[in-house]
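Here the chain labels run A, B, C and D in written order, and each chain numbers its own residues starting at 1.
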Amino acid sequence: MEGETLLKVENLGKHFGGVQAVFNVSFVLRKGEFLGVIGPNGSGKTTLVNLITGFVKPDSGRVIYRGENIAGKKPYTIAGLGISRTFQMVRLFYNLPAYKNLIIPLSSSRVKKLRGGKYGERDDVAVDLLDDMGFERDSFVPYKLAGSLPHGYLKRLDLARAMALRPDLLILDELFSGMAMSEVASTLPLIEKFHEEGLTIIMIEHRLKELFRVVDRVFVLNFGEKIADGSPQEVMSTEAVKKAYLGIEVEIG
Amino acid sequence: MAEVGARYRKKRLDRGIKARADTIFAIASYKEILYLLLPRALPVITLLVLPLLLRGYWGKVLVYSCIVGLLALSWDFLASCGLFSLGQSLFFGIGAYVAGTLSYYFHWSPVLTLPIAFLGGGLISAVLLSPVLRLRGVYFAMVTLMMPLLFMKMIETTGLLGGSHGLSALVPFPNDWVARYLAVGAFIIVLFIFRRVINEDYGLVLKAIRDDDRAVMSAAINIYWRKTQALFVSGAVGAFAGAFMTHHYQFVGMTVFALDYSILPLAASALGGPGTFAGPALGSMILVPLSETLRALGGLRIALYCFILILSVIALPEGIFHYIERKYHQFEKLVRIG
Amino acid sequence: MSLLIYGTISSIVLALYAAGFSLTYGISGLANFAHGALYILSGFIAWSLLNQVELPYFLSAILSIVISGFIGFAIYWGLLLRVRGIPLAELVVTFAAGVAILELLMWKGFYGIQYSLPLFVEGGIEIGKVAVDYQRLFVIGTGVVLVILLYLFVHYTKIGLAFRGMAQNERTALSVGIESDWIGSLSLAFGSALAGVAAIVILPMGLMESAIGYEVLIYALAVAIVGGLESTPGIIVASFILGFGQVATAKFLSAKWMIIVPLVAIIFVLVIRPSGLFGKYKELEERI
Amino acid sequence: MKNKVLLIFLAAVIGVSFSVIFAPSMAFSSPAEPIIVGVPTSIYTPFGRDGLKAVNMAVEEINAKGGVLVGKEKRPLKVVVSDTRDGEPTTPVHDALMAYEKLILEQKPHATVIAPFRSETIIASMDLVAKYKVPQLQTIAQTPQFQVKFRTDPEKYKYLFRVTTDAAIDAGYLSGALDALKADFGLNKVYFIPQDTLWALGFVGVLRKHCEKTGWQEIGYEPYAAGATDFSPGLTKAKEGKAQVIAMVWDVPLGAGIFSKQWAAMKVPAVVVGFVPPMAAPDAWKTVGKDVEYSIHVEFPVGASVPLKRLPKTVEFLDKYQKKFGKLPEAAAVNSSAYDSVYILAAAIERAGSLDPDKLVTALEQTDYRGVGGRLRFNKDHIIVFDSNPEETGVCVVFQWQKGKRVPIYPAFLAEGKVALPPWMK
């Protein structure tokens, strides 16, 4: 699928003390593309996300989003440009009701621009969003304290929080980790739906099976370096990847 | 009751008036309306009546309580977005000097100086402290602690703004009633505006910044700008308090930056329960009259605040307001065991 | 010449003020706002031991240092234990404790001309036509020795290494069996003792007054902010900047502008490099 | 459990405070209702502490004689104290004013003596006094701002009186001592170190003018902040410039103490002349050390701490004081004023025959009282006139430490010795 370039990462690099977390990584992401990022633990996936979203300042390289270099910009600026992310360890406001969690992104200037948030309306919007995520509006779930919700719900709440920004690029950092099979099964279609609606998505995942079902392209990191990039089939057939994932054989469905 | 206690036990229940969220109520009767209004109406009425009852010195004390109350409120507003100040006297002093200068050199009346001090004070505070906002942890507290003390020394040594002699014989309030009701009024208004704002989306964001600034940033919200706004609001309120005292005593001197104006609000907030505004307000209404009754002790009073402060931080972190609130919303009944 | 000498002196005085504070903070992340109070308190303790218990000067000096160390220790176990780990609560408690101490001193009437520690050695000498009294030279000596000792202590003794472990990473330190509360209390004790040392060498140059407690705290904080909270070199450099700055202003401008120096320095540093000259810039640079 | 305890504690606290709020003000009536004399001052400072002792002494003496005659009946005096704490530089002036106001509103004093310590508190309190019309006889603060503000509205501020000297007077006396030094030993190099507050600057200002006129050579003039803690720069300059006299005026104990010690330690070969309480105090020999020897100080007014053979009243006062309290007053200033002010007040009340403030003020204005400080009369600014003749005005004295004794050396009619030059300057 040929679309205009949305995000262009050029030999990005970052090290913490001695550890080279990300080394000279480059890739191009087209509009409407669904990119999966995989790699063994500690291969720098999360750091890559932090670099793109501005939570960590890169030592070298550029991140070009819609033609402008956003490397080293503040996280809120980047988010304001439409790059929204979820966290591997969900960051939520546990002492707020679930739906109130969405008020924070909804009251950002970006959303104001896109949606014109008049007072009082936001609560309804929040509840709608949660309804889409599977928090039935008429149950008590959306109004419960976030802290009292089970882990699966929190993950989806985090996703809802990310979506509340009306992002152009959604980055999912191991969304499925710790989710029950059934929850994954119910969440995956949501994400596919977003994609079909034209949202560009980067998905970092350990559950290769689910990942490969939805992504167009996969991109493998190992020790902070890109070792493969391409369609799931070709990627998994390359030697390097086989070595990296020693012993894991994946059937591609 | 002993034999009752044998076969019954106490059971605490929340009054079932709240539906779903905190903001949504299911009101069934006048009784419940009263139940909701009483805790809000009662203090207001009391505060409005007190100036008429109190004679002589205790009228002054009421005014002073309100001033400290304002400082405590401004402290709590800052704290609500994670900015922990040890120097409310900075805001107090800035306001006092803005008003004092205008009144001394241009003989402007409070009608002008108070609003100017309110806005100007907020502005100055925000500009002065905005660099610190980028830092985490104790930095903000440290800087806010030193700033006023350094300002005090600076005015003393350089002789600027009247130096150690201060500016005196400033324009007073027309009469005592104006002063009293101005203080009480400002106090009530600020209290209710703050309580309202903090439950709005705006306040929600502020509290979110306190809880987890990264998550807020990932929601495309410029936390530094929000913090600066909070700084402005808090500074403005503190400055108003200072300006008021300036006119009330027709004098402003370097000691408006003194530690007392930082400790009192802090102690009041810790005692009443930070994060609720009602708590700090309540706290100052207790602490100031208390300290006046103990004036004979001289310097010991300050020490006493400190003990109260320590005690409430260690023993009752939630503050007395939360406690009262909880008690108000719960009722106990005896239920038969088994 | 006199600029050099007196600049050095006041720099070292500042360093002594700040040393204890930053030591405690560097080790256990405790901002001990009772520092100034402990400083002047140990001064008064020494005074009472000297004039009321009538111990020899040397003994009462040592004792007062030890005592203030113990007070720090006690503050930790008595007050801080329950709020440990909540930085702001810690801060309020220490701050309140400090102010309480100062006000109690004031209230007990420790105020007046008679409260002053005698000089260690009367008189002074001339260094290149600049008169310096022995006490001030002694201050310089103490400062230098102290820094060296601290370095050795932190780098070569078991407990010192434990301190560093705690400073670097609390969790791992715990995992290798370093007991956090124990270290924390010790760090506070050491910090307080250092305050005591500073008091003993500096106070004889003048009178004692509980108001000094606040001043010491201010300067300690100023130095810490300018230098960067937990970095020892930062403290030293900062105190030299401020010290020489002040003396220079006194010499070339006028004595009354001295106080402006720290204020300007702080504002400047905060604008240029908020975490201090040598401080690690802790804004977002952490893995999440 | 802890919470319960805390809450009980708080409940008690609230109870107490409110019971006090609504309690009617205590107005017990006895056959002869006492005349209330308020003392709103900072009772921790040497000035306030010893001044208060002096006041109590005077009151006891008067009551022993049966009290003060108001109209027909004799009424005793009663002292009520309120600590303004304003001696501590960290105390907010507002707080001091509240303490003062509390005293006025709750104790209802008929007049106040001594009054606050710091100049700015006095200046600020003037409006308070004018508002409540309670005559105030202040005996500590000497700021020239008093006259300035007084003149802006004499009618409004008429309730304020000052029973002590003005900085200019003290300076005048010191210039006399300087002249002596010049005449006897040909000293002519002076270095000025005033405390950077109005009264001290005024004080030294007068000295400087005098020195210019009389051909002294000014080595340097360096005001220090009242909170200063290091005088080495100034002292070094003085030493480098070969100053023979260091004119020092300082009232804050801390700085003064540091100065004394530094001056001693640095062995600056010069005579200290001025007002440095720690060096002038009776026990300076002990606290500061033998180095105070030969230093010259002014005492205002006479009788504050140095007994003068030529003025029996001062000896009498200080003897009584020493008998009563065990030691002489600490500061070489204003203690006798506090003592005199009570008698002035009593006399005025008897003249007025009533306690009505305005009548009292008129009576006070006619004051002509021969007290410890000399003959005390108010000028149009409500300040006691001081000059050089105890028969006509109030007087001060200049003394020098000689062999551990404080020897009056100036003016001539009070001198008990001649000014001496330190051996290390010959």
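The rule is short, and it goes like this: contacts are C-beta pairs under 8 Å (C-beta built on N, C-alpha and C of every residue); 3 or more make two chains touch, one makes a residue touch a chain.
Keep in mind that what you see is a predicted model, and the values were worked out from it rather than measured.
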Chain D reached from chain A - shortest hop count over touching chains: 2
Taking each chain's C-alpha mean as its centre, the one farthest from chain C: A
Between the pairs A-B and B-C, the one where more C-beta pairs touch: B-C
Approximate Å spacing (C-alpha centroids) for the pair chain B, chain D: 40
Whole-Å gap between the CA centroids of chain B and chain C: 32
Chain C and chain D, separation of their C-alpha mean positions in angstrom: 37
Shared interface positions of chain C, touching two or more other chains: 106, 214, 256, 258-259, 284, 288
Residues of chain D touching at least two other chains: 44, 88-90, 196, 225, 227
Chain B: positions in contact with at least two other chains: 153, 157, 159, 214, 259, 298-299
Interface residues, chain B side, partner chain C - complex: 84, 86, 131-132, 134-139, 141-143, 145-146, 149-151, 153-154, 157-159, 214, 259, 263, 266-267, 270, 297-300, 302-303, 305-307, 309-310, 313-314, 317
Contact set on chain C toward chain B in their complex: 31, 33, 79, 82-83, 87-89, 91-93, 95-97, 99-100, 103-104, 106-107, 214, 217-218, 221-222, 224-225, 229, 256-260, 262-263, 266-267, 270-271, 274-275, 282-284, 288
Touch list for chain D against partner chain C, complex: 44-46, 87-90, 196, 222-225, 227-230, 232-236, 239-240, 253-254, 256-258, 261-262, 265-268, 277-278, 281, 283-284, 287, 289, 330
Chain D residues within the chain B interface of the complex: 2-3, 5-7, 10, 13-14, 16-18, 20-21, 25, 43-44, 82-83, 85, 88-95, 97-99, 101-102, 105-106, 118-120, 123-124, 126-128, 143, 145, 149, 152, 196-198, 225-227
Contact set on chain C toward chain D in their complex: 2, 6, 9-10, 106, 109, 111-114, 116, 119, 122-124, 129-136, 204-207, 209, 211-212, 214-215, 247, 250-251, 254-256, 258-259
